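The structure under discussion appears below in the form of structure tokens.
A, B, C, D, E and F are the chain letters, set down in written order, and residue numbers restart from 1 in every chain.
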Amino acid sequence: MGELSHVDESGAARMVDVSGKAVTARAAVATGTVRTTPDVVALLRRDGLPKGDALATARIAGIMAAKKTPELIPLCHPIALSGVKVEFELGESDVVITATVRTNDRTGVEMEALTAVAVSGLTLHDMIKAVDPRAVLDGVRVEHKHGGKSGEWDR
Amino acid sequence: MGELSHVDESGAARMVDVSGKAVTARAAVATGTVRTTPDVVALLRRDGLPKGDALATARIAGIMAAKKTPELIPLCHPIALSGVKVEFELGESDVVITATVRTNDRTGVEMEALTAVAVSGLTLHDMIKAVDPRAVLDGVRVEHKHGGKSGEWDR
Amino acid sequence: MGELSHVDESGAARMVDVSGKAVTARAAVATGTVRTTPDVVALLRRDGLPKGDALATARIAGIMAAKKTPELIPLCHPIALSGVKVEFELGESDVVITATVRTNDRTGVEMEALTAVAVSGLTLHDMIKAVDPRAVLDGVRVEHKHGGKSGEWDR
Amino acid sequence: MGELSHVDESGAARMVDVSGKAVTARAAVATGTVRTTPDVVALLRRDGLPKGDALATARIAGIMAAKKTPELIPLCHPIALSGVKVEFELGESDVVITATVRTNDRTGVEMEALTAVAVSGLTLHDMIKAVDPRAVLDGVRVEHKHGGKSGEWDR
Amino acid sequence: MGELSHVDESGAARMVDVSGKAVTARAAVATGTVRTTPDVVALLRRDGLPKGDALATARIAGIMAAKKTPELIPLCHPIALSGVKVEFELGESDVVITATVRTNDRTGVEMEALTAVAVSGLTLHDMIKAVDPRAVLDGVRVEHKHGGKSGEWDR
Amino acid sequence: MGELSHVDESGAARMVDVSGKAVTARAAVATGTVRTTPDVVALLRRDGLPKGDALATARIAGIMAAKKTPELIPLCHPIALSGVKVEFELGESDVVITATVRTNDRTGVEMEALTAVAVSGLTLHDMIKAVDPRAVLDGVRVEHKHGGKSGEWDR
């Protein structure tokens, strides 16, 4: 059985020293799903009309949150992100969020991708909560990573 | 059918004017679940030993994130939080996170409670990802609200 | 001739004590203009099609920046904003930005409105700079204020 | 006619992937002008006396804002700034602000230079607004860039 | 013997609920001392000449840090500061820093005053470290508080 | 006698250009001491029991503050930290804090280590202030640095 990577042998939290790791191109993809009602999805689709900002707001929130990851997750390293993409897929009564994050740095970017998904999802919740206060953010998880020592990883 | 509350009739996003709303005591409770493995839960329990910081790190991250909500969710109002609590319940292969947020202000604090839950959950993911990269954050949702015009609300 | 309000008699900067000022409903409107080319304005109009995010991105950036004003302008007081609106008017070769900010607090919100305009304008610059690197942000100024001791003020 | 660089073919905003771009020494110079009254310029000059902090406050605000650019401009990459300089030139009834920003990174720093100018200008506005509420920030624009694929660029 | 106020009976950290506390005018004064060399103090005095920004930079840093206290100290409440002042007294080989913070809110502002002193002191350290890398920040402490249930408190 | 490194010959503050400096592995160690009472130290030791979060909170606050250094200290460069460690040693009536910070970058990290120590110390103060409002943070200073042109440096 492995060990928690962010606490030392005495149990104390620390930001692990990564100076010895190689600077390589890395990417991570994470997804999550906002479960809501067909009515809300219809409102979001209608948002596809000129100037409808609901999905754009959630997308921007996700991209900006990816940059804030080291401020939010205490033991994450500050990382020079080289690209962030947030995509939505509208289902019958849900919205699937996919975030792709790229870097050239010493650690992976799965936390950045997860943070983009979670904050996009919460922003959607905020936009729709007057119509559906029961919305749920489900299944926030890493789908794919590559780069670094561990190479390619798929869920 | 209602309307998205954060976009105006032309579809443009805005921070809704709440000057007319009353300053009242308000609270919100949100929950979420990190699904992982029995091995990880055992590691987190062992963290119950002296100086084990894993759960404390996730708790602090959640409390600090509640304060950051208006920086993360674009259309949220800055709010004077008067109290934040983050609790964990360790199951067989999951951790249930409950956040309770209180304020005396003009708008509700469900987004603050949801943000505390989501960032606590992502921080747990960060602590355990070397052992269980497949962990999933599920069921992030509001359980209870009170205060303001709508009074008591339970899921 | 008046005095600079944020430096004391010895010339030292300070955040002026406003404890004695009344909590009242206050608002401020600021404007500014991004001068660019007819081609760029055409691209932004085309953005009026489904999912075109350029103007939405600038709008969200302006709203979020209003909330960040006390972090950016060293001697500004932290203020509980109760509403923020950012509007664009596309001309032949320019975009006029108007920001309206409301609060119930002890100081005015003209700096918040100016910050929303400036950051919206810079974000537009960022979106269009590959097409028009010569774009200029002009005329950032307060148009109107009300609330507080000085009452109504128009440019 | 070119295309907006921060939206994809479907119109969705994204942080463009720059992993393929070279790390080179880059610099950008931006300027802007605060138009005010001869009285205000006289007050700022008097600030040249010992401990007068008005211009220093605006300078520090500009330097700190350059570092905050990726937090303010949604699609800007986080960048490792290697130097920032903000200079003021007092005219008869205006203050010309010049910001110079340097980096060794994968993208240019014109947004950082523009942000330093804009926030310096707004901070000056904040310092002088009790004396001249009609002050205007004009002509915020890039003057010069070098480094990267496009080499030297002058306005 | 009292108890740590920010952990509950099980030892878990939380942001204590202050909804029941009264909104009153409160103030706190904190001090600290940067111990350095007579040479450095002479350089800082010379900074008293036109445009010398060293002390102004430290002063601005302290004022801005007071506003950032709830972002830095995990269990501090966000507070509406109504005034911040940072003063320096140059001795033979030291600089005494005094910060005064005022609010109208539900909790005291001693942490804000301490944070202003500490960050001003660190900023001075940063300015002088090329000349005196051995500088020490000493005696950071609360001198005086008033307002709230406990009334007047002097060291 | 040397010169203040962050002001130019005219006295103006600037972020010094470090583009010419080499990217090397660098580290810095700083310490500081919270002087309090034997009773408080006993409470903190008792915190060594399961789930006692007081020291963990201060540790996390210090690690997160190291990442915030360029936001707090106006002329510090943004730096890619590769590791941060914060340790406590409980004495009879004091707590000694030691922070170790590592990077691979163009400038040293002593300001990051000092900031981690200061914010950890202030967080401890916040946790214990109900029991000992007279606590003092003393002796915040650099103990050791290495990397860069100046090589090894010990106090």
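Here, contacts are C-beta pairs under 8 Å (C-beta built on N, C-alpha and C of every residue); 3 or more make two chains touch, one makes a residue touch a chain.
Since the structure is predicted, the reported quantities are computational estimates derived from the model, not experimental observations.
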| item | value |
| --- | --- |
| Starting at chain A, fewest touch steps before arriving at chain C | 1 |
| Labels of chains that are neighbours to chain B and to chain E | C, F |
| Comparison of C-E and A-B (more C-beta pairs in contact) | A-B |
| Centroid distance [mean C-alpha coordinates] between chain D and chain A, Å | 30 |
| Between chain E and chain F, centroid-to-centroid distance (C-alpha), Å | 16 |
| Residues of chain D whose C-beta touches two or more other chains | 12-13, 49-51, 53, 56-57, 59-61, 64, 68, 71, 74-75, 78-80 |
| Graph class of chain-chain contacts, one of line, ring, star, complete, other | other |
| Inter-chain touch pairs (all) | A-B, A-C, A-D, A-F, B-C, B-E, B-F, C-D, C-E, D-E, D-F, E-F |
| List of chain F residues in touch with chain B within their complex | 48-51, 53, 55-57, 59-61, 64 |
| Chain E partner contacts - residues on chain B that touch it in the complex | 25, 56, 59-60, 63-64, 66-68, 78-87, 102-104 |
| Residues on chain C engaged by chain E in the complex (per definition of touch) | 12-19, 70-71, 74-75, 77-80, 105-106 |
| Complex contacts: residues of chain F adjacent to chain E | 1-7, 10-13, 32, 39, 42-44, 47, 49-54, 56-57, 60-61, 64-65, 68, 71-76, 110-111, 114-115, 118-119, 121-123, 125-131, 133-142, 153, 155 |
